[in-house]
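Note that subunit A is present in both complexes that follow, paired respectively with subunit B and with subunit C.
On to the complex of A and B.
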């Protein structure tokens, strides 16, 4: 699809960001956990499709097609002497080998074998969830123990070190500074990414909406507003925080998984703090913290603005006498988003859509119900 | 290959540690006064680096010796200080006056971090260099004096940075203890309400602390410009991690311990990782067949490890450690008679 500023890539980005900002809103808006390391949790999904994905796909391929795997290996040995199948798959020192393995052997095989592909997809989705839970547990270990500032600092530092140092410097984990080709699905990976991220965004929205208006949602707000009071009323703060962090880590990881389907070759730097942490923060602040619809509105507004900068980059660069159009496409939108976010904090601290009261069952209905069941003993214990 | 690093490398590490000390000190200062965890602190340093790059580019003929350090650090420091002051006056003070929570202020500094980083990149991208053709990512290390010490080539900045750190700390200490305004500043850190009741202009104290914090960062950044492979504002993403590590190790609320914490983190990152790396190469790679990779790329992980250890065992940082008690427990000092 291509119409004016709306391209497939833009829509995939939009859907992914909706999921990410909704998940950040669950943490920061509802529960008050300042997650400044969101980009790591999105990257987790990409890692599942890249570093982990190619390894698992290669293993399945070798099991199902031992003959073809040997042939492929023989061909690749001429490029990379002394290569073994498993070392070639993540041969980041030789990106060409990785590209040939993924695009000439793995992809054609999995595209033509639906059952194997489904198996691979389910495995990788489970891997994404597992990795997200793992990193979420690490984050929650800190979140249960530290004050707000310390937690924000630690999460940012942890995410930056993982994305900028560990996954970028280590060639074997995720291709390091050369990047890896992600395992993509179906004949048309772009459409797969579009549908996947779209469905995920819808599920994330309705799930977050249900969660926020459930007793759990009210407990989350209570933890955010007054920990002591929440504890006095018998809420287990630790378990609430843990659950929220795990839920939003999984959502963010899945968003990253579908997002990377559209970006064939990428490094961990794709998931930097400006795009995947700061931007979602700006989105939920503009849209309104602790308001799921607000998170969606903020996402749409900022991504449209960013896309317009990109789309009219040549004209903008010309207008402001910038040296190259790419400056207008990359630097200006970031400055714009930063300025808008600070202005929002000042003029519209509640955001476009302020936090509303949580939806509960109408009191009249409860009365009607209880009066019809008047004969039965006792009212329902409120939770 | 010896385990002990060479002399120039040791000096470079000490210089890096001194710069981190200055940065962590500034970060702790603004946190102690205004309770804002400043995520834009590394960008103040990048302002200093960019100023140094421009000075060298525009007035190259003026710089043929050690003078480049003096002019660069003073001008860079002033620019950094002004950036800090403007950050406080334009963004943080209006927000704080409106009653924004500390989380909101933290996010605002995150926004300033993004704005400054992109603005500096924009400036370097669009400005035309006079002596240096391409400013963004340009290396300035060929524009500094190089000494010859015991057969080693020693870069000038490695000597200047520790001296600057000591000098600035002494000046700051004298300012805090010997001037009336310095005493007012300490009073404000202790108890802002009481200080303002006693006639201290708390707002002025905050402004000065933000200026001074930016100044320290600017000086550190201007001198650090020679240590970078290339001046690129995106480097701030990694510097801030170490700066926060230094401040947390120091306790986040104590200025002097911030300096020590930053220095410690810098030393551990550079010297500690070199020693670990050479041990790894000599024993694990040679004898045990471990993968032949350089661990030096992962030096920042040590600072994160240090932070985790500090937060687990001494949540208040080094400032909260009861040193006398620790010394007694380790048997370094005699127990106080009669308990105490």
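On to the complex of A and C.
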């Protein structure tokens, strides 16, 4: 699809960010967990489709198609001498070998075998969930022991350590600095990414909205506001924080999984702190912390504005008498975003849509009921 | 006599300062006990140590005969130990109604999965909100039900603290830290009358830290007086008030 500013890539980005913003809002907005390592949790989904996905797909392929696997191996030995099947399935051997394995052998096989493809998809989604839970547990270990600023810095450093050092430097995990081709699904992976990320965004929104308007939403906000008081009133704040981190990590991981379907070849740096942590923070601050609709609105407004600015970059540069290729012109969108953020924080410190109460039940109705009861009781006493 | 709470040799140090210096306090069951003493005598520290907000440096705490010294605050609450704060610790982002409703523990909807299924918790929640409105009515806060604590006056925040501490289902001992400071006298009397009523009707036990002795004394059954982190007197409220050590500590000995 391509209409005005709305390309497939833009919509996939938009849907993925909506999920990530909602997930970050559950942690930061509702529960007060300053997750500055969000990019790691989005990357986890990409890793499931890349480093883990290619290995699992190759294993299944080798089992089901041993002859074709041998054939592929022979072809690849000419590129990477002494290669074995297991070394070729990831870019440890060579990024070209990885491309050939994924695009010439694995993808055609799985696309034409629906059952195998469905099995692979379910497996990789489970892997995404598993990895998200694993990293979520690590993050929550810190979250239960550290206060705000320390936790924010620790999560940021931890995510950077993983994304920048471990996954970027080690060739064998996820192709290191050369990157890996992800396992993509269906004949039309872009469409798959579009539908997948769209459905996920809708699910994430309705999940978060129901949760926010349940007693759990109220408990999360209470823990955020005063953890001592929440504890004194019987809440196990460690357990509440843990659950929220795990759920949010899974949502972010799934967003990464569908996003990478459209960005097949990428390194871990695709999921850098600016794009996948700071921007979602900016989006939820813009839209309104602890407001799910706010997170969506913030994300949409933010990305639309950014996209429009990029789309009309040349015209805008012309308007300001800047050469269209100058550095100033390419920086215009960023300058614009900075200005918008400052204005938002100044004029709408609570964001476009401020936090509201958790609408668990119809308060007005119960208020009216209790008022009439009290009125009757009062009348009796006065007799 | 039967005691619901008992502390033995409780010590809490803040650097060089011994805020609690070997405190033995026994709270008789089913009574309203006062804890008095000048500022800085360790009353609030005592409440904080008993409810688990602070860890004691020495000594043990027994609640219903069970040693709760090592239990986290939420476990103590679940055993029936409820408190209010002297300086209100309200949830600033929650409305007055929500602040009160949250204090009722045990909502089946407080889970990342169960929260999604309204029918699991709607009944409990309706009851909770009803109870919250009744308490807000009692504390004259009902008209502010949809406001945030930030929009309340200091006295109203105190009242919300009180409403909150009366919200839990099965409290056994309610610790109140200066419930009537900043509250106008007529309402202060009403709060104490309500405390008496809860004691009479439900057999609840209260330990109340209070400075407004003129009001509090007539509603209390027993009293402890603290000074410099130690218990200096105990007995009937009127006797404790006239105890020479208490008078001395209040006048600044």
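Quick note on the criterion: the second predicted complex is superposed on the first by the 333 of 383 C-alpha atoms of A that agree within 3 Å, B and C clash if a C-alpha of one lies under 4 Å from a C-alpha of the other, contacts with A are read in each partner's own complex, and residues count from 1 in each chain.
Everything that follows uses one rule, which is that a residue touches a chain if its C-beta (ideal position, glycine included) is under 8 Å from a C-beta of that chain, and two chains touch if they have at least 3 such contacts.
Everything quoted here is computed from the prediction, not taken from an experiment.
In the superposition on chain A, A:363 makes contact with subunit C only, while subunit B stays out of contact range. Once the two complexes are overlaid on the shared chain, A:137 sits clear of subunit B and of subunit C alike. Touch criterion met: A:166 reaches subunit B, while subunit C stays clear of it. In the superposition on chain A, A:222 makes contact with subunit C only, while subunit B stays out of contact range.
In the superposed pair of complexes, A:114 makes contact with neither subunit B nor subunit C. Of the two partner chains placed by the overlay, neither subunit B nor subunit C lies in contact with A:199. Legend: residue contacts after superposition of the two complexes on their common chain; A:236 is shown touching subunit C, with no touch to subunit B.
When both complexes are overlaid on chain A, the residue A:337 reaches subunit B alone and has no touch with subunit C. Comparing which residues of subunit A touch subunit B with which touch subunit C, the overlap is empty. On the side of subunit A, the complex with subunit B involves touching residues 32, 34, 36, 142, 145-146, 148-150, 152-154, 156-158, 160-161, 164-166, 169-172, 272-274, 278, 281-282, 285, 321-324, 327, 331-332, 334-335, 337-339, 341-342, 345-346, 349. For subunit B in complex with subunit A, the touching residues are 31, 37, 39, 91, 94-95, 98, 100, 102-104, 106-108, 110-112, 114-115, 117-119, 121-122, 125-126, 237-238, 240-241, 244-245, 248, 252, 291, 293, 297-298, 300-301, 304, 307, 311. Contact residues on subunit C toward subunit A in their complex (touch as defined above): 51-53, 72-74, 77-78, 83, 85, 89-95, 97-98, 101-103, 105-107, 109-112, 114-116, 118, 121-122, 125-126, 129-130, 133-134, 137, 142, 145-146, 164, 168.
Of all residues in subunit A, those touching subunit C in their complex are 207, 210-211, 214-219, 221-222, 224-226, 228-237, 240, 243-244, 246-247, 290, 355, 357-358, 360-361, 363, 366-367, 369-371, 374.
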